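For reference, chains read A, B, C and D in written order, and residue numbers begin at 1 within each chain.
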Amino acid sequence: MNDARLRRDVPPEPLFFGEGEGTMLFFENDYGEGAHPKILEKLWETNREKLPGYGADRYTASAREKIRAAVGAPEADVFFLAGGTQINRTVIAAMLAPWEGVVAADTGHISVHEAGAVERTGHKVLTLPGRGGKLDAGGLEDFVRRFAADENREHMVFPGMVYLSQPTEYGTTYTAGELTALAGICRAAGMRLYLDGARLGYALAAEPSLTLADYARLCDAFSIGGTKVGCLCGEAAVFPSGAPPHFLNTVKREGALAAKGRLAGIQFDVLFTDGLYGEIGRDAVRQADRVRAALDRLGYRQLVRTNANQIFPVLTREEYERLSRRVSLAFWERLDGGDVAVRAATSWATEEADVDALIALLEEEKRR
Amino acid sequence: MNDARLRRDVPPEPLFFGEGEGTMLFFENDYGEGAHPKILEKLWETNREKLPGYGADRYTASAREKIRAAVGAPEADVFFLAGGTQINRTVIAAMLAPWEGVVAADTGHISVHEAGAVERTGHKVLTLPGRGGKLDAGGLEDFVRRFAADENREHMVFPGMVYLSQPTEYGTTYTAGELTALAGICRAAGMRLYLDGARLGYALAAEPSLTLADYARLCDAFSIGGTKVGCLCGEAAVFPSGAPPHFLNTVKREGALAAKGRLAGIQFDVLFTDGLYGEIGRDAVRQADRVRAALDRLGYRQLVRTNANQIFPVLTREEYERLSRRVSLAFWERLDGGDVAVRAATSWATEEADVDALIALLEEEKRR
Amino acid sequence: MNDARLRRDVPPEPLFFGEGEGTMLFFENDYGEGAHPKILEKLWETNREKLPGYGADRYTASAREKIRAAVGAPEADVFFLAGGTQINRTVIAAMLAPWEGVVAADTGHISVHEAGAVERTGHKVLTLPGRGGKLDAGGLEDFVRRFAADENREHMVFPGMVYLSQPTEYGTTYTAGELTALAGICRAAGMRLYLDGARLGYALAAEPSLTLADYARLCDAFSIGGTKVGCLCGEAAVFPSGAPPHFLNTVKREGALAAKGRLAGIQFDVLFTDGLYGEIGRDAVRQADRVRAALDRLGYRQLVRTNANQIFPVLTREEYERLSRRVSLAFWERLDGGDVAVRAATSWATEEADVDALIALLEEEKRR
Amino acid sequence: MNDARLRRDVPPEPLFFGEGEGTMLFFENDYGEGAHPKILEKLWETNREKLPGYGADRYTASAREKIRAAVGAPEADVFFLAGGTQINRTVIAAMLAPWEGVVAADTGHISVHEAGAVERTGHKVLTLPGRGGKLDAGGLEDFVRRFAADENREHMVFPGMVYLSQPTEYGTTYTAGELTALAGICRAAGMRLYLDGARLGYALAAEPSLTLADYARLCDAFSIGGTKVGCLCGEAAVFPSGAPPHFLNTVKREGALAAKGRLAGIQFDVLFTDGLYGEIGRDAVRQADRVRAALDRLGYRQLVRTNANQIFPVLTREEYERLSRRVSLAFWERLDGGDVAVRAATSWATEEADVDALIALLEEEKRR
């Protein structure tokens, strides 16, 4: 692409958001504030403790143990990395053989919005059409059967893993039945199952039929997101029945090993103390439920029916223009006819009063 | 390697340190504590501000401007990444053409201790013998001349960049004269010069002949380390005359783009306010100078003569055993004859009293 | 995939073909015989000449000059590589910036049947739905426009190149109008255009509106296939306005530089002497036309209407079973209802009598 | 490198050789002629046979069986690839885990003259000082012991394989004792042993203590070079106890799978019929021995004492200038004092009379 405007990428300017800074009502995303106060407190409290680096400190050990207990897998390997794309590409590349690729919904984060990070590791993302962001068991089974029957398969990329995001990029969640079906197909076909839990805390509340222990039972690896669930940064990679060999070396080689491993260790230790991780998820989903109920009551359409912390209202152009001056929402897509789908997200930082104010604005629009 | 002991890498256990935790005197490294208090304070203060993600917030913009001013390069591109290996491999790969490799001292961090991260991006590290961790201008010039004269060069890896660390892994620093000579060779040969400043704050104090503006003038890219100079995490990549095209996309693809860009932005904004970065470096080097003076006075040998924040005393086996029970030091290497070289590091967190106590222990040893 | 049968890949057994060896009538593919006799003769004739290696010999120079003349681009850079996947991945990777991927039809060879070779170089294949194997200008334009308008594009893979195969994997060809439209979109958007001409000789005959000079005028790079057009092995990469810098080094690094460069040089020198390349294409397409006419006359359906050297008849299950005992055809796919699409290919080696015999068999089927 | 002269790489010009073409006496290399006549004959003879592609033909099967018999490993997997760099990078990458690199002598072909092909696959070449091109068992053992004892090893590249070339780039050969010692170290340390046999035919004659069966017994993989031992192109990869899984897919992905697999299959079938491979090696080494004897008799120095088909005479500047006008020799290096080391190579194509003529020239020089 040679459009001069496209070349402009330095320095980065606001990428997603019209106006994110300031005092405007904020529903643009779930990473707009710093950290849950309990996390900052613990960082203060431990700040002068002299701890070994590279994840060998006592807080990281404690966080690991608490996660093992929470997921019901005492033998699980747990690693802490800094970000979502980083954990996805590192775990995926480490679990694939050179001849394998990873199957994902065409709307999956790794398929679209990670700048080709998985391909950069040498592996193909094999996309299947998603429905509301979700991979369909029937479609996957059919794909696998056709691959196995293809006489040309040695000239093709082998499906070695299935990637799911929970909740998906469209705010939907897999049910226990759906995840069990997908996991069954994976096991039957010798594919690993990896679940991207960048927002897993919100899925735990939205889809109570699936507990952390269920994810550990059904997946070969999954991430527990911190960045969007109360941390400054940090994602936990959980391998219920063991990580790939020398995974620490892989993390180092991928540039994802923090000298001050304590930063992630302390944060996850707090998240998994006294049920904070679950509490954050429940609070945010409760607020999102209030928004959804208001949208329905007021007659707003939604692009996708969601149940976690993201909501996709459809607005008229006028509604969109007026609302965006008073509340920060993420533009999602322009629909045929001129309507605009936006994304509103709640988070650990969303207050009851924020939602009251948002609902008041939505009501005001409908009273015009 | 199939030694069972070597296979054990999961979960990570203390890698470098005998005993790092607890209340023992600590000189093991410069990343053993959390963050400089001013940084933590600012994180608290800004915690509830709603800011755009991915580095588009006002603190990141401010930090970028302050760094541009500090390095005297108003057009510089500045990016913030999380860690040292990450910034090294991302910057190096982005600045090399596919047919190029990076020249480094054989003791360089990228040559030895980054688990092959640069090679993972497809580029060779071309090593030359270092002296006290430093690359020698004469050796580099000779290497370049031989390469240019080699009729087989199209079958070889082209030297496209020179990598230096300042201070080096051996605690030494390049002087203004040395760096100027190396930069001249690079320019004459069309090679880029990249300087790994993971501990640059300490070099600024140790080698006052080189200012931040000098690094900006002589290097095509350099990093300003935060993790080892008072941050929880974070390194700044500075490109004095512009970053490679679409570097933000590269950072994303490499898994190094933080959703909460504010974390690095706020930290670096503090570091570059009221001269804090320089102050941290001066304090730590002053304490290191005190240790060096005591070692000389007491007749301890040093493996390498250093001037920054790392010191490499040589101890007898008995001294090593006794001292390691009371002060945490990094084992460096066992010398012929049984003596042990250790590394002691000061940091932003080293107190005057810590050094007093260390000197007292060193004196006690010599009184035996 | 863990099906034991799938694991069986060593040693390779016939991959595509039921029974390829022997005296059965052969229309399975266009690489079933050795080399055009004129090529073998020249290999004999020059066998004892002592020539420099790595493409520096006089035959390679001559072949390069003849190709430059044939494509009407006296400044073109021309390189000879051994195979199709090799030339595709080497040229594509060399012409893409790190943040770019290559756009291809979802049925493109690089999308499906090169085992992830392009991804192995770190680049994504961005697929668009093909029609009869062809990429559609409207679809491409729409894709490019949407990408340029996407505010998230720095988190996405930039389309840096368009890949076309001519003829396509489905035996169809782009017309002059179609190729001109696609090239125009590429130029407007700053994307390079690469045309995979593994079977280009057959396209020259099938689509006479496009000459070699047209390909050179419209494409940034294209390949002239030898393996399937009379050579033992070998493909020419043509860069009408110059190859990427140090492309020879890239070829070496990719393992695609032959010590005995003479092998490709001599073969292409023969192919481009006295119009042999064009003649081979015309003969094969003439035979394919005879088959197509017979199919139409006899009432056989075709999966795709083709005009080059590949034909895709649709057979009933019974026809397929009987015919496959007497003529070697490539199984293509099983259609709903039980019919079978097969591929028949003509080549430089197809004799008039072969086609007579095939037509006789087709007639016999319809007489039943 | 920005020297304009260095940028000139397109089109390739003679890289290694002053004057290679013509009727001058030729000892420049062992790939200056076409193919052994028996090979060309067989290519003619089989040219019109219709055979399946991708190595599924009967000649490839036969060649594979003959090689299995010759190496005494009936279960060996055997694959045919086109060139030396290609087979090295493909086999090495396929046998290394992501955290592993390959140990080689600093003069090894993969260390210096393959344009970074191994690094391009993501793996580091860990170099040790060679002696006369050979890796030393003592040095390797020491390296492995130090690595295993290094507490930082999870931050380092693990040595996963040892690469040897036989004969080496300096024309020397490992003895049975040396190879056994190196293989023992590899097995003890869990490293694979790969032997690059680009010129293996000549080693078989030069080092009769090592038979093909010995290589199969001692190595995890080795190549049997064809390009420099009578073929137009082609190298066999032999995995005595089995290839890595899906190696065919790897070969395809690396762009190294030939559609006309028959080309390599037929050539190797001929090479391994009636002992031709051994015969070629013996003839060439016998001629090289004659040259070595003459050099000694006439008082010429040699840069390295060799025993295979490469010889490295040291000439005065005047001798070099005069001789290079009458015999094509490869310039090797300029020594201190102005003398020139050259390389003379014999091959399957070297005639008794060629050597007579060379010896006459050498005598003439000494008579001056």
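Some notes on this structure:
Just so it is clear, contacts are C-beta pairs under 8 Å (C-beta built on N, C-alpha and C of every residue); 3 or more make two chains touch, one makes a residue touch a chain.
Everything quoted here is computed from the prediction, not taken from an experiment.
Shared contact partners of chain A and chain C comprise B, D.
Chain centres computed from CA atoms place B at the largest separation from chain C.
The centroid of the Cα atoms in chain A and the matching centroid in chain B are 32 Å apart.
Chain C has its Cα centroid 51 Å from the Cα centroid of chain B. Multi-chain contact residues of chain C, defined as those touching 2 or more other chains: 9, 12, 15-16, 99, 114-116, 120, 122, 154-155, 158, 245-246, 248-250, 252-253. By the touch criterion stated above, chain B contacts chain D in their complex at residues 1-3, 6, 9, 12, 15-16, 99, 101, 112-116, 119-120, 122-125, 144, 147-148, 151-160, 189-191, 331.
Contacts from chain B toward chain C in the complex involve residues 93-94, 97-99, 122, 154-155, 158, 245-246, 248-250, 252-253. Residues 7, 9-17, 20-22, 24, 26, 28-29, 31-35, 37, 40, 43-44, 46-58, 61, 64, 77-79, 82-90, 114-117, 120, 227-228, 232-233, 242-243, 245-250, 252-260, 262-263, 328, 349 of chain A are the ones touching chain B in the complex.
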